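The next part holds the structures, each set out as structure tokens.
Presented sequentially are two complexes of subunit A, the first with subunit B as partner and the second with subunit C.
Our next item is the complex of A and B:
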């Protein structure tokens, strides 16, 4: 009896150490690694991407505004340079407007806007990463990503969010930023951010991000429904990726003045 | 008759294409809009038909495009129909309408088209296309500053350099502030005999064909363009039997060629722009004809910067340097306003967006240090919904003199209101 008990205890001990060993293996990911991987999973999936996106901008009173666009993205370097092309389908007063951005790792974006009513391609100043993206609760930075080096990251704990095991990371900006603290719940398996909380200067929660639907698209886990809620204003933005395709072979020439003025129909429909 | 033609063209286009099209190929949009502008003071110009009402209209715009799947050809039509309270008239305004052909290495577009070239913000050097300054000064939405040109455009795309080449057989002048709506400087108010000669179309006189060319490429983070234009000044010159005491005066559009360059890039945490154009006054290279502008160099530098929280600021410096200035001075009639050899503008644009970008506060200012006059346009606009936009603003003209660009309109400062429902 005693022998069995001893065996049981020893086994339990061994099992526990084994589990601990495993979890130690996982802990080899530093908070920085996790954030770096998360950025790649979220903003650099595939070599290129074509998506039809609907954004619902909903105010406190429930009044909705719609932004519907086709987005084309091409990566030139993993974690580095990218080019974006967006074509707006809705609302009707901005229909046919196109927007292009070249994103660089170490300096401000180059951005261009095409205004069809006067057939004008306009270069626009880009030093406004905290400005709202098309009037939504997302900032330009939320849409295009933030460099991991801009914050100090700490792995607070690991916990389950619903069914999913997550790393919980605290990020404190090194310089001045839109937020003073961000807490991210990052899926341990695919590194997608499932939830983020943004805290303001009063150290109060003011914006909250939530991944609401995740789909496997050609083997790439993709957040196809996401929500950004401003808990202080009651405004929220729900984003649905109606269609997503990766590695479709978008040519370099798409990201040019030519296609700003004459949207590439085969890509945007 | 033109109106009927425009209408029948639109109807025909729709009748042909609507039944064949599916939703993604055919697009039909437009807006309903009211737009009023009222002169702030009661000192109305001669010929004012509706007192201090500068602009009063209800307008419907219909915009249709049809680009069939797997076809290289498409068509676009945009036409307005509006009621004008000043002229008491219902009118069609065929804004744009063209046929499009898109090939791999080139594109062709034939019909009425709007062009906007250059890097200036409301300052145009190499953009010699027709403009409606009266619309701009009376508070109509910005798109009405541009007038469509009946033209053919060839686009050529290549990795080395791309090109837009435009030919315009029908001369279209700028719309300048007109009798009855605005005060303006007239050097000969007591000479009533006026004639206006517009160049014949190139079909009548081939030499009148206007050509505009732009070569462009993106090189080393710069957007660089080179331009050339051959045609006419779009604001008239003047002929008189005798400039000192004329009995007859005729206005005409002198010949003009323009050559220029522009460059733009991200720098200094914002966007920096520069543009240059040489205005070759082909009918008065000697500089002695007081009725025709002398040749000039026009240039601008601009800088725009975006600040956090949807706040942007843009500033520009613009200059016009006149050549043969001593010939100009020697031949200047006493009735004319004397211009400085270097005519300058400084502009400022401030834009602030609030409430999830539904509320927009903006200010645009032109100021000329040599003519000591200015135009300020503050505006507040609000998107009540995605479809409904309201805007209220002012055009404030000031000037030390009555004969300068903005000073001549200083009694025409106005408040305008626009309400637009888009669909």
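Our next item is the complex of A and C:
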């Protein structure tokens, strides 16, 4: 509870600062503020979102696997509860497979998977810290976000990444985690993460995230192409958000077992 | 021409030695560039079909080199304390640089998929260490409920757990295994034992032992030979020329090998040990002749020139035949064997050069007074050896018919023995049974599903073929068939994974522990599986397009015969139950690769032996200018080789890599005795013109030289018996045996033949 409270205070503070038209000098952001704002910009853009997403999983030999899905997201609380619904178009043998997740601020996600071949909805309990998202290099945590208070953040420096001025933040997990250190380059203007480096238990770089294309979608800066590369295995995942729409008014009922079994056609097309 | 050379080197002995030493320094300077290669795969040509396929399999299925740690607690590992230690050990191992973190398989790191109140639970077996009995029971039922992991990370009886540690690069395995050992020593108590296995560890240990062989056993053999030389000649000065010859030829050969950029393999590491005794054979003949003649000639230079004159031909031919014997290995399809053969051949010819240069030069530098004093003392007493030799000469001469008959019997027994030979090898058995690696291997094979890996690769004709139910259930059936074999411990495949998911999704009902009926089901189960763990969990079993599947076959033994048996059984199964038309199934994996090169080795060696037999025979015909003498000269070695191999067969020793190599080179070595015998016989027949008188003469100095050689060679290889690596032991023992047989065959059979047919054989010599 305390964590939520603190969190609320922080979010409020941030919102106020936003209302003030960013009149604050950027220097006064703490590392925690930056990470918190970055999370909101990246994972909580708009009130809801609909996107057609293509994932290309590419192994060291250059062979590809395609995952094509429509993703629906609805936020219930800024920085808090969210619901996700995904429908898979590709690969062909998993067509009609759907996946749903409820994200809570203070406990593990609830996840369900519908397996059309046996017409079965199954709840899945798996550790999102390390389990892969549909076989990609992204973990569930990468896809749905990690709570800022799980790490200790330090603002290392500010530097330019290409044309863009960035905060460079080091995050060290407080508890056990797949990574032992994360370095993030966060755009000073829109707080989107442009680059992230993950270091493993051997203190070596193993995964690297890159935002490759950023578009303004109805006034919301959105990363439309992203890449996660496992530098140790040579495996990489390229994600393209083909169409992104915000604030489309997704109903609560979409996120239910009924729609898992019978995907809402008007939403997934 | 050689006579000119002898005259020159005896005139300028110091300059000769200096020049040789300068050249030697150049060769010695190459030594620091030495690269060791212990990879058994290199027994096959880079372009060999099975090797290319194996490389492809490793790449496509992301198979890395694996270290395996086994932890055994006789009281069982299922108690909080032992489990906590295992967890800590695993956590620490993950921190070692070069370990592929996400692919480590163990209780601590592997995911289990289970069913819990309508929820599919994906959890590491031991995310948290169990604290009480209830949690321990939970862990137990989780592990034993997932057959995929039983016999793999946990033994059936719960006394042993293991950690599979894939590493990025094989050349780091030594460092990583040392770091793992430090962790194990720190975390375990005396109640638990640990074992390190896995090919990289074996290879590294092997590489290390090879250095030991070269650094300790070879010099030891050298020292041993020095003592033998001293005992034969009874003077210290006689030891120097042959030893210098041997050392220089070893340095030249190894220097050239390293300088040309070849790696030192198990085979080439044996070069010094092979070369040393061979290099000094001719020198013994020179010294023996020199000491015999000096008291009457009393001039060093004249004596050496006179001695050498008789020896040019036999020395040249013995060297060439030995070189041909080894050189014939170049016909083998196994690169390390080829290099070994060619370089030993080079070394033999280098030794021949030193015999003609360095040895007479050193003799020239001997102190004349000491030499005279020593030889006077020697002449006075007839040694007991001489008496034995004399008796020996008489025996073989007068019992000629009995000897021929006995030889025939021995030959027949030998051939019978050869039919008993079992062709078999297993690189792990290159370590002695008491070796740490062998013990670890035995223990791991006792507790787990087998440490010897082979793969069966099913390749479909298009994408997603493997997901077809017919294909998956065929793979499943094939696995069941193989698991019925006693030697197969465990098999794993994508079919097992699909079956597991099917079972778990259907509330763990036994009826669903089968391959699903539709491709969509299989595809969706695999998709579900890909959502639960690491992106590469499936890669070891299924390629990226689901076109190829890899079935892991863990065997409890790695003998070639065992591999052949499994292979044959799989082919029989496939013949009775033909696989779906759209897949092709092929064997691979290291245990299989070992079988492949061993097969090549056997036939390659046979080819090499037959090839060198023909060449040596032609050389003999050329040398004696007589077809009959050529045949006779081949007799003793034929009997020696046949009886040696017959002995191998009757003794039940496997025909393995070292034995196969011995066969090719024994030929070139065994002929030496016959060459010296027949050459000396011919020369003295010209002198005495009476077979009996020649025989009496032969039983003197020539026998002594031949016996000296036989002793040096057979005993010179003896230090190999102390080696920790069995190939060296085998080579040492087998060579001693072979030399014994061929000495006896030469000194018994040839005089017998000479008595019966000598006169007609050498008639032409006399009439000339």
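Following the convention adopted for this analysis, the second predicted complex is superposed on the first by the 243 of 269 C-alpha atoms of A that agree within 3 Å, B and C clash if a C-alpha of one lies under 4 Å from a C-alpha of the other, contacts with A are read in each partner's own complex, and residues count from 1 in each chain.
Keep this in mind: a contact is a pair of C-beta atoms (placed from the backbone, for glycine too) under 8 Å apart; a residue touches a chain by one contact, two chains touch by 3 or more.
These numbers were taken from a predicted model, which means no experiment stands behind them.
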Which of subunit B and subunit C A:256 touches, first, second, both or neither: first
Contacts of A:91 with subunit B and subunit C, given as first, second, both or neither: both
Touched partner set for A:118, first subunit B, second subunit C, both or neither: both
First, second, both or neither for A:59, with subunit B first and subunit C second: both
Which superposed partner A:235 touches (first subunit B, second subunit C, both, neither): both
Touching partner for A:128 - first (subunit B), second (subunit C), both, neither: first
Shared subunit A surface residues [contacts with subunit B and with subunit C]: 57, 59, 63, 65, 91, 93, 117-118, 120, 123-127, 130-132, 134-137, 235
Residue numbers on subunit A that touch subunit B, as the complex places them: 57, 59, 63, 65-66, 90-93, 95, 107-110, 117-120, 123-128, 130-132, 134-137, 178, 235, 253, 256-258, 262, 265, 269
Of all residues in subunit C, those that touch subunit A in their complex: 59-60, 62, 94-102, 111, 116, 118-124, 127, 168, 464, 467, 505, 516, 518-525, 527-528, 530-536, 538-539, 543-545
Touch list for subunit A against partner subunit C, complex: 57, 59, 61, 63-65, 91, 93-94, 97, 113, 115-118, 120, 122-127, 130-137, 200-202, 204, 206, 232-233, 235
Interfacial residue positions of subunit B with respect to subunit A in the complex: 24, 27, 29, 31, 67, 69, 100, 102, 107, 113-116, 119, 142-143, 145-146, 155, 157, 162, 216, 218, 221, 223, 264-266, 269-271, 273, 304-312, 353, 356-358, 383, 385-387, 389, 420, 422-423
